[in-house]
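Consider the two complexes below, in which subunit A is the common component and subunit B and subunit C are the respective partners.
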Partner chain A sequence: MQDLGIQVLFEGINFERLLKGLWISLKLGLISMLFSVILGLLLGCVMAGKNRIIKFLCRVYLEIVRIMPQLVLLFLVYFGAAKHFGADISGETAAVIVFTFWGTAEMGDLVRSALISIPKHQYESGYSLGLSKLQLYVNIIMPQTFQRLLPSAVNLLTRMIKTTSLVVLIGVVEVVKVGKQIIDASRYDNPKAALWIYGTIFLLYFAVCYPISKLSSALERRLKV
Partner chain B sequence: MGDSILKTVGLTKSFDGKNPVLKDIDFSINKGEVVVIIGPSGCGKSTFLRCLSLLENIDSGEILLAGKPIGLDKKDIHKYREKIGMVFQSYDLFPHKTVLQNIILAPVIVQKRKKEEVNREAEKLLERVGLLEKKNVYPRQLSGGQKQRAAIVRSLIMNPEVLLLDEITAALDPEMVREVLQVVLELAKEGMTMIIVTHEMNFAKAVADRVIFLDNGEIAEEETPQEFFECPKTERAKKFLNTFDYETSKI
Partner chain C sequence: MRKKLLCLLLVVAVLSALTACTTGNGRKKAANSTTARSLEEIKSSKKIRIGVFSDKNPFGYVDENGEVQGYDVYFAKRIAKDMLGSEDAVEFVYVEAANRVEYLQSGKVDIILANFTVTKERAEKVDFALPYMKVALGIVSPDNALITDVSQLNGKTLIVVKGTTAETYFGENHPEIKLLKFDEYQEAYDALSDGRGDAFSTDNTEVLAWALQNKGFTVGVESVGSLDSIAPAVQKGNAELLDWINDEIAALEPEQFFHKAFEETLAPVYGDSVSADSLVVEGGKIE
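After this line comes the complex of A and B, so read on.
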């Protein structure tokens, strides 16, 4: 039978290794997302507040994160921190720090815009029914904020998972790196491996991100107010 | 004045600290009375209602409910708002809750009433305004007139001492105005105390026990509807009423 290159997937534990790599990618994405959601909620509330100085500082933070490529941030934390502060942090820790730094800014901005998009009248009709501030936020403002937030937060999660592939460049062995190792190892006896391996990685990312993105648009439709 | 339920003494309000939009307003409404406030736009009608529902801080003066000045304490303010119902121009139902949930929210969490009891009362009120079959739908599925009727029920179920209606038909299509005003007319018949800001002059004539003409932040005229609409005393009121009188104007 002619060599199609596909068998590289089933040689030894190659496929299992790819899945393990995928798990590392997912783990980095999910942990960073978890921190980003918690910190972003706080940041968003602060950004929607009235204090001008704090708002300005948040703005600066947000702009820095948006302007800087995540890769540069990764290098800065992984290599820069190690060299200048003698901090010995693993690639995975550096990745979680950077993605949380990035995700918090994005999430904060999403929370802020969801909060300020609630019309003033929602507050007023709540208050005029005699609700206290706490009752108003718990029953009226927060549920609507979450509704508006959910689709874009889920969207951020898929971006986060995709972006974790950058950690390859600071030596974290995730799904892309595993693929590269497999390709390198079978360079002589299977020169066509690259297509099959990267194709598989493509499908793996698709299998993870597509349902999430579908979920996001389904939520968007269902929660439309 | 007889049995004043809600009263203001020297109420003054400005948004910039300099130019008052309400100047020294002395106002009083008795239990069961319906007062309609009319006046040109920007005269302070809506601001007056917003002051009465404590959505705006007042610069000076006093608001008294059943003879007692309102405390500045948060608890007092919530207690007061519970007793003063407010319906807005833009309905402002809570979009994430069904009609029924919108209505029972405040009685259950503010007044701590039993859910079953509140549910029953809500259904009765919804039936009265012809919305019982809509109780489980979300506000976005309702027409403007239906939303406004639901909003009225939401205020009514709190058993307010006074109901404030702020241009409740101004955002509605003409054919829906009637269904909403009909509800208000019935409430008036039943003796609900109401302060109504409206631009519907025929409605004002029909519903009011007393008409207040507010102009430039002052009470310019205060009359029975018959007197006010037949022979307004001030020039300003005459001019204002003429703008509604299409027949005599030379179109």
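After this line comes the complex of A and C, so read on.
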């Protein structure tokens, strides 16, 4: 039994701690995604517009997000804000800000590409039916955009949940960090703990992300009809 | 032009994000938290914030009940007790090796007690108090070809981990020793077990603990190279708190507090292989 290493999961409240860590990851991912979807939809519509200056600015924003590592952004918001503006932001708030900043850009680009992928005749048919611009978007364009958007948006959400493992560097203890703490605490009496802990974390991530992608494919199927 | 725009946009974005959240999260003294809290402020808040490691057993780690433990933590609790009257009057902030300086500079913790080795570069950014521990390099080798002196390594292969003090020390001072470098500790230990090198060197605390767990290997050289000290750190310029810590460390000398801390936290791990005197520093005095 001593050699198995699996008992590390059941010592004290270790497993409960892992689950709590998972909840932090999930919570950060979901809240950020919620904001990203709302802001990203707006941004996408703006980006699909014709104003060249606005388009250029959006492009710049998108490039910044893509070029800057999320870690740098996290440090900027968490430590930089405190150092230069005296703003003491909690680690979790900083994480939500950064992930929203990132998610909005990605989401905006997804919305933009989904919008412009709608064939022109869809717009023209709508107008020829006498629909107003609002009616056109609500009844014809948005439903189709949504359907095209869903797979990539879900992909973004699962990526976001997994990227939350970075927030440990701004002091937020999420599931991977809890795992490292457990492995380290038992490194003298249970050197094989690492395999079990990382294996469990793998399963936990899977348990969270798999239902999300299942849900999206179910939604997709329903929307197709 | 484009670069300027980029910068401008970034600033605007970060700023707007900040204003959005500071209003919602206005803590007590948002106005000037850039500078660390004074002794008075800590005392009136009845809680001191101390940054510790949460995965550096046995110095700072979280046990199976979710409680933070270790040598550094033991001292942190004593600081809380002597400053604020209760061992529990401390808020532990879990830091990483890479962000310890940032935590102090941004005033998010009052003291860092995270196995912080005193170096010249770091001393430019933070203020170190008196040391409470010392580390040197140790050399571990197989029992059947035990290295008990650095001179025995002449012409042999020594395993080191990249970025450690061992790499710098042997590279600069012992060109006659062949170095075999690895990125991670695990690889280095594997290489030693496989016999790809004659010995392995890194911090003595690390090799001593490893040798205990691995039969057939012994730390033949317990202390080589320059002696590094480990000390509490506060934000640069926070003289009041620094003086308080220095007085505290001096005041703890008569009762041999750090020897007691050693017995409580390090002895269970190191057993008889390490004497307290080779690690512990009392009253900030390194002989």
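Basically, the second predicted complex is superposed on the first by the 211 of 225 C-alpha atoms of A that agree within 3 Å, B and C clash if a C-alpha of one lies under 4 Å from a C-alpha of the other, contacts with A are read in each partner's own complex, and residues count from 1 in each chain.
Assume contacts are C-beta pairs under 8 Å (C-beta built on N, C-alpha and C of every residue); 3 or more make two chains touch, one makes a residue touch a chain.
Note that the structure is a prediction, hence the values are computed from the model and not measured.
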- prompt: Looking at the combined model built on subunit A, do subunit B and subunit C fit side by side or clash?
  reply: fit
Query: Which of the two partners, first being subunit B and second being subunit C, lies in contact with A:Lys55: first, second, both, or neither?
result: neither
Field: subunit B versus subunit C as contact partner of A:Gln122, first or second or both or neither
entry: first
- request: Tell me which partner A:Asn14 touches in the superposition: subunit B (first), subunit C (second), both or neither.
  value: second
First (subunit B), second (subunit C), both or neither touched by A:Gln147: first
Message: For A:Ala185 in the superposed arrangement: first (subunit B), second (subunit C), both or neither?
response: second
- prompt: In the superposed arrangement, does subunit B or subunit C reach more residues of subunit A?
  reply: C
Task: Specify the angle subtended at the CA centre of subunit A by the CA centres of subunit B and subunit C, expressed in degrees to the nearest 10.
output: 160
Message: Per the contact definition in the header, classify A:Lys162: touching subunit B only (first), subunit C only (second), both, or neither.
response: neither
Query: Between subunit B and subunit C, what is the shortest CA distance in the superposition, whole Å?
result: 33
Message: Just to be sure I follow: which residues of subunit A are touched by subunit B in one complex and then by subunit C in the other one?
response: none
- line: In the complex, subunit C touches subunit A at residues 2, 5-6, 9-10, 13-14, 17-18, 20-22, 24-25, 27, 29-34, 54-58, 61-66, 93-96, 98-99, 102-103, 105-108, 209, 212-213, 269
Field: Residues of subunit B defined as touching subunit A within the complex
entry: 53-55, 74, 78-79, 81-82, 84-86, 88, 90, 92-96, 105-106, 109-111, 140, 151, 154-155, 158
- prompt: Can you list the subunit A residues touching subunit C in their complex?
  reply: 11-14, 17, 57, 60-61, 63-64, 75-90, 93, 97, 101, 168-171, 173, 177, 180-188, 191
Statement: So, in the complex, the side of subunit A touching subunit B is made of residues 119, 121-122, 124-132, 135, 139-140, 143-144, 147, 224-225
